[in-house]
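Here chain A shows up in two complexes: once beside chain B, once beside chain C.
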Partner chain A sequence: MEKVLEKWTSKINEMVIGATKEEGGTRSKKVHIGGETTLPFLHFEGEIPYPPVVALEVWDIPPEEWSFISEDLKEVVNDPLLWAKKVEEWGADLLCFRLASAHPEKDDTSPEKCAEKVKKILETVKLPLIILGCGQPDKDGEILLKVSEVAKGENCLLGMAAKDNYKTVVAAATYGGHSIIAETPLDINLEKQLNILITDLGFLAERIIAHPTTGGLGYGFEYCYSIMERTRIAGLQGDKMMAIPIINLVAQETWKHKEAKVNENEAPQWGVLNKRAIAWETTCAVGYLQSGADILVLAHPQSLINVKKAISELMIKT
Partner chain B sequence: MFIIGERINGMFKSVAEAIQKKDKKVIRDLALKQVNAGANALDLNVGPAVAEPLEAMIWLIETVQEVAKVTLSIDTTKPEVMEAGLKICQNQAIINSISAVKEKMDTLIPLAKKYNSLIIGLTLDEKGIPQTVEGRTELACTILTRLIDEEISPENLYLDPLILPVNVAQDQCPLVLETIKQIKLLSDPPPKTLLGLSNVSQKTLDRSLVNRTYAVMSLAYGLDGAILDPLDEELMKAVITAELLLNKFIYCDSYLEAYRKK
Partner chain C sequence: MVKYKIFFSPEKKEIITDGKTNLYQIATDAGIYITSGCAGEGNCGRCKVIVRQGKYRTQPSRFISEKEKKEGYLLACQTYPESDLEILIPPGSGLKKWTLIKDGVYTAEELIWRGNYLKWEFSPLAKKIYLELPAPTLTDHLSDFERLVRELKSRKDLHLRDPGIKITLPKLQKLAQFLRENQWKLTLTLADNGEIIDYEPGDMTAGSYGLALDIGTTTVALSLIDLNKNEVLGAKATYNQQMSFGDDVISRIIYAENETGGLEKLNRVVRETVNWLISELVKEKGIENKDILALEVAGNTTMNHLFLSLPPGYIRKEPYLPTANFLPDLKGKEIGINIHSEGIVSFCPNVSSYIGGDVTAGILASGMDEKGEISLLIDLGTNGEMVLGNKDFLISAACSAGPAFEGVGIKSGIRAMEGAVENIQISADGKKVKYTTIGNKPPAGICGSGLVDAVAELFKDGFLDRKGKFILESSSLIRESEEGKEFLLVPGKETVNKKDIVLSEADISTLIRSKGAIYLGASVLLEEMGYQFSDLKKIYLAGMFGTYLDIEKAIIIGLLPDLPRTFVQDNNATYEMSEQKLPEFSQTKVRGLAREKFVFLGNSAISGAKLCLLYGEARNKVREIAKKTTYLELSVNPKFMNEYSATLFLPHTNIDLFPSVKKLLNI
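And then the complex of A and B:
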């Protein structure tokens, strides 16, 4: 019987994160993403040249709002450098360093201090880096300008570039030779618009990865899933502003919710917290793999193992 | 929509003069302007008045190819000019045009096969243009089946149901729309359709308005391509917006600009 296959006309942009000595950086390896010419894992319809990759988060202050992570990783969360070393040891593809302390409502750490912290991370581990600000757009712009400078030539991924700060973030990334994460609320039209605005500044579409906002499992997962799917289909059909890789911040949308916080004494019907919480992060991540995630950012090392296993199984060509 | 720019045509005085004087600049400018305005292909027609059509066509193709790597549509009724043109096109070219006239098909289909060209097929035969939807659809079918018989992919074919000027044959305007719809039912995947859009507005007062209104209507009936003036900005905006409203691409506030970035 004849196989009915979808013919796509275009491909998703390829992106490299991290620079080794050869490229003028100090990372031990580079991470390739993108380049797909078909929907996720449909190996019989097109090419998926690089498997999706997994990053683990490291915070510059303990992630108090993530009670399970704070407790389960208590040996490391107070020491970002030790935490970073562990992340490398656990086998993450990338390290996602979050400058949470910089938030004006937290320590309001200065951009200079943030840059120093990034410098130390770069000296301590050799993984390619994703560097996130504190989530406050203006402050993130200031932070990233300084951070970009100390990380110059390391080809990092900087975030977040949003509607209100993209010009600054693009300037920062251009100066240091980095790529950026373009973040929009869950809305495909806004996602496309931000990509246009960013490329209008002369920034290459090939240096943008989209964060269409990650809906946590049980908290808008399906909205995000379908937006990612539409994005990917449009990209494969030739819409250049949609042909960009996608990142999902799964940890951020897992560990703040009650399913990953409340223990079995309080909610016996939900089962053991330890098992449940990790399953929550893993399931959310594996779901997003199916809608086109290129980078998944997690927090728990066991989720990393689970998701890496799922990826290697999905990458087997049948 | 697959847009073939119509401006390099000897019917235009400036182009006729450029051909006569071998003025490359005029042709190159027109080529680049049309491509930058969104043309996916460029139609080349040396016009009726030229003394050496073959030589003029070769000159046009070479001149355009020096500046634009774009699909070229060889617009001529002379088979020898067609073949000479196809021979030197660097990209897949378009044969503009064949019809259901047997002699035309016998001469040009082998060329389409030899040069793997795209083909514009006019719904016209020895008796002229049928005045009914059924008549035009039947001729579309004749061309389509002939290509399939000759093992040419139907994907290479654009069927043109021939729009006539609104001030000459007004009743044909809705009829052509219906024909587009009928042609799309002929096979699966459906054959592609195309119109020589500007013909609808010949000798009307506001040509641009008539053109863009008919373009939008035709798109709603499933039109895939048109030979048109891409330098008509309002027309291009209307075409892009119509495609947006047909859910052909994703909306964003700068969708016109986004379309051009494609």
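And then the complex of A and C:
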């Protein structure tokens, strides 16, 4: 029987996160992503030069909204540096440091303080870094300007650049030599528009990774899945503004939901929380692998093990 | 029950009220018109008034700035009196009552006449006929009425739609006496449906007039035509006074449905508008109302409903149905319009709830329904209507474009009238703006086509990014205001009302949403039928806005598709269908009249109505057009929903759809 193979004309941008001594940084390794010339894991059709990578979250304050994580990782969540060390130990590819305390409704931590925190993380662990603000666009712009400075030369991934703050984030990233996450609300057109706006500022498309929003499992997963799939197809078909790697913040969309919070006493029909919650994060992440995720950001170490295993199996060429 | 006296300036009207009614309602009930985009819902912020004296309770509104609050501004629709009040309606909030929109604006309607209308036999909707009946004798003893009919039937120039001659009882009762008193010599006024409108003694055929009426959501236009000479005597246009009850058809419908007496009010106001235009024309031309024998109406479906007091509620409810698409012939007195009391009122038929008689008239005027080539008609008004087709099929769609194209809902927006900024140029350093205005009058504001021009210029020259946001460092004329960033186009010292003319980021977003809806509506319509823009042989642009539009600029912002075009000298425009000599106005004003595929129709609704008024063949055609035209509902179309956000970019998220803009911008 004849094999019908899809021929794509284009390739997803390659990106490196982290700078080792050679590149003038202090990371112990670099992480490569992107470079695909086919849809996820279709090894018979094209190249998938690098497996998708997994990051684990570290917060600068305990993640109270994530009751399960707060409880299960209670030894570390109160100490960001300890937490960071553990993440390195657990085998994450990247560390995703979230400056949650900076939110004006939380501690409203100053950009300078945030920069100090980042500096300490950089000194403590040698993993390549993703650095996220607090989710408030204006504040994130301010934070990232300062953070970029202390992390200069470390080739981090900064987030989030959104429609209201992308100019500042781009300025920050340009200054510190970092890449950025461009975040848009579940709309493929807005996603492309933001990438155009960012590149119009002279920022290289090769330094952008898209976050087209992550829908938690059972909370709009399929919307996001299809947006990612369409993004990837457009990218492979030659749309330069869509030929960019994709990141999914799975932890953020898992641990706030009741399926990852309510225990078996309250909801016996759902089974044991411990098993269920981790399965929830794992399943969501593995789902996104199939729609083109290049970086998955998780929180639980067991999910990391599960997802890494899934990735290694999917990367076997048959 | 409490009673408060509310005194309104500058109207100098005092109204007694009970404290349960808000100021907007009190005013509109009393015939004092305050602008409102939302018909008193509190979400447009346009009905600002100033309380000079008295107590009241009001809802705080985001539309009132701190400065305005201190000056006593509040929203009329959110304010209830708690004592006697003195209210000032500031110039910005008063609806200019009875302002004529300059005749010139509408002369463009003359531009395009349906190519083959000249071949049609002149056969007006109603006409006066002088008859000399043979007096009856013992041998020629036909009864009076049959005698009249026999004489009529012997005439070859009647062209009646309905060959049966009909007469009302009161006229029949007086007929015998009348004929004998006048020696069987009479002038008969006959409608083309066979109804005898009137009879008069002797030859009175000299005064014989008809009206073509376009009832638009924003503008009402009327043309007076000499039915003997087949000649336009004059045209007048004014704002639809219903503007006090919402900008768009939906808010009018809601008002008609939900307010007590709402429908009656809307009906009264539009009748007043039309009657006022009639009185202006009658005065100017020195004719008599009773000599206006016929009125042909081309209005959108909702306007037709409100004009006839038909409840419009079901238009906006699934499955979106009008009371009637084909409206019956009526008489002047039945609908309270000041023409001959028995004069015939006829309507260009509607296709659906959102494709009305204005569109069928437009199709008729364009002649697209007779050609083999595929063309697209776009009517750029508050509602954007589109028709695709040729002699074999016609399919239409409508989308809400909002009133931005008419200069409404824009910070410094005005209609396309004298003093409207229509063209701007910005110096390379972004420090100076050169502008021109309609009629070269001192600037008063920016009109819809000026808005398109300004956005295109700012974008092209790098002052705006592709999302339509200002690039701050690019120009010193970009500044922060309470409502966000804005670009100073004309400083207050040069303007009529001494206020700065600005273009705000919000205005640009509004325009981008409007242009996106139109472009996408047209793309979806084409795609549904398996066509692409490149298949189109012509794009007809209808509406007043279209007349002033600069095609290049419209393409730069992504309103119109990027089709091949070359500029043809304005003065010698050689479009095949403009057989008539171009009016002087058009020669100087209409820019790029013929750019290969793009054709300006002017006010095609009134052009079509005029054809119907004058030619029986047109009246048949317009009915055929309405029957033949199908309707595509965009609001449930998945492509329309999915791709809307792609159009909210300059010119479009996919720049490859606009190759000439891509080249221009060097992307």
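Please note the rule applied: the second predicted complex is superposed on the first by the 318 of 318 C-alpha atoms of A that agree within 3 Å, B and C clash if a C-alpha of one lies under 4 Å from a C-alpha of the other, contacts with A are read in each partner's own complex, and residues count from 1 in each chain.
By definition in this document, contacts are C-beta pairs under 8 Å (C-beta built on N, C-alpha and C of every residue); 3 or more make two chains touch, one makes a residue touch a chain.
Note that the structure is a prediction, hence the values are computed from the model and not measured.
Asks: Chain A superposed: clash or fit between chain B and chain C?
Replies: Aligned through their shared chain, the two binders clash on chain A.
Asks: Figure out whether A:192 sits in contact with chain B (first) or chain C (second), or with both, or with neither.
Replies: Once the two structures are laid over each other on A, A:192 reaches both partners.
Asks: Considering only touches as defined above, state whether A:256 meets chain B (first), chain C (second), both or neither.
Replies: In the superposition, A:256 contacts neither chain B nor chain C.
Asks: Is A:242 in contact with chain B, with chain C, with both, or with neither (first, second, both, neither)?
Replies: After superposing on A, A:242 lies in contact with chain B but is clear of chain C.
Asks: Which chain, chain B or chain C, is in touch with more residues of chain A?
Replies: Partner touching more chain A residues in the overlay: B.
Asks: Considering only the touch criterion stated at the top, classify A:163 as touching first (chain B), second (chain C), both, or neither.
Replies: second
Asks: Which chain A residues lie in the overlap of the chain B contact set and the chain C contact set?
Replies: On chain A, the overlap between the chain B and chain C contacts is residues 189-190, 192-193, 196-197, 200.
Asks: In the complex formed with chain B, which residues of chain A make contact?
Replies: Going by the criterion above, the answer is residues 188-193, 196-197, 199-200, 230, 234, 237-242.
Asks: Residue numbers of chain A touching chain C in their complex, please.
Replies: 163, 187, 189-190, 192-193, 196-197, 200
Asks: So in the complex, the part of chain C that touches chain A is made up of which residues?
Replies: Touching chain A: residues 465-467, 643, 645-646, 648-649, 653 of chain C.
Asks: Name, in rising order, each residue of chain B that touches chain A in their complex.
Replies: 249-254, 257-258, 261-262
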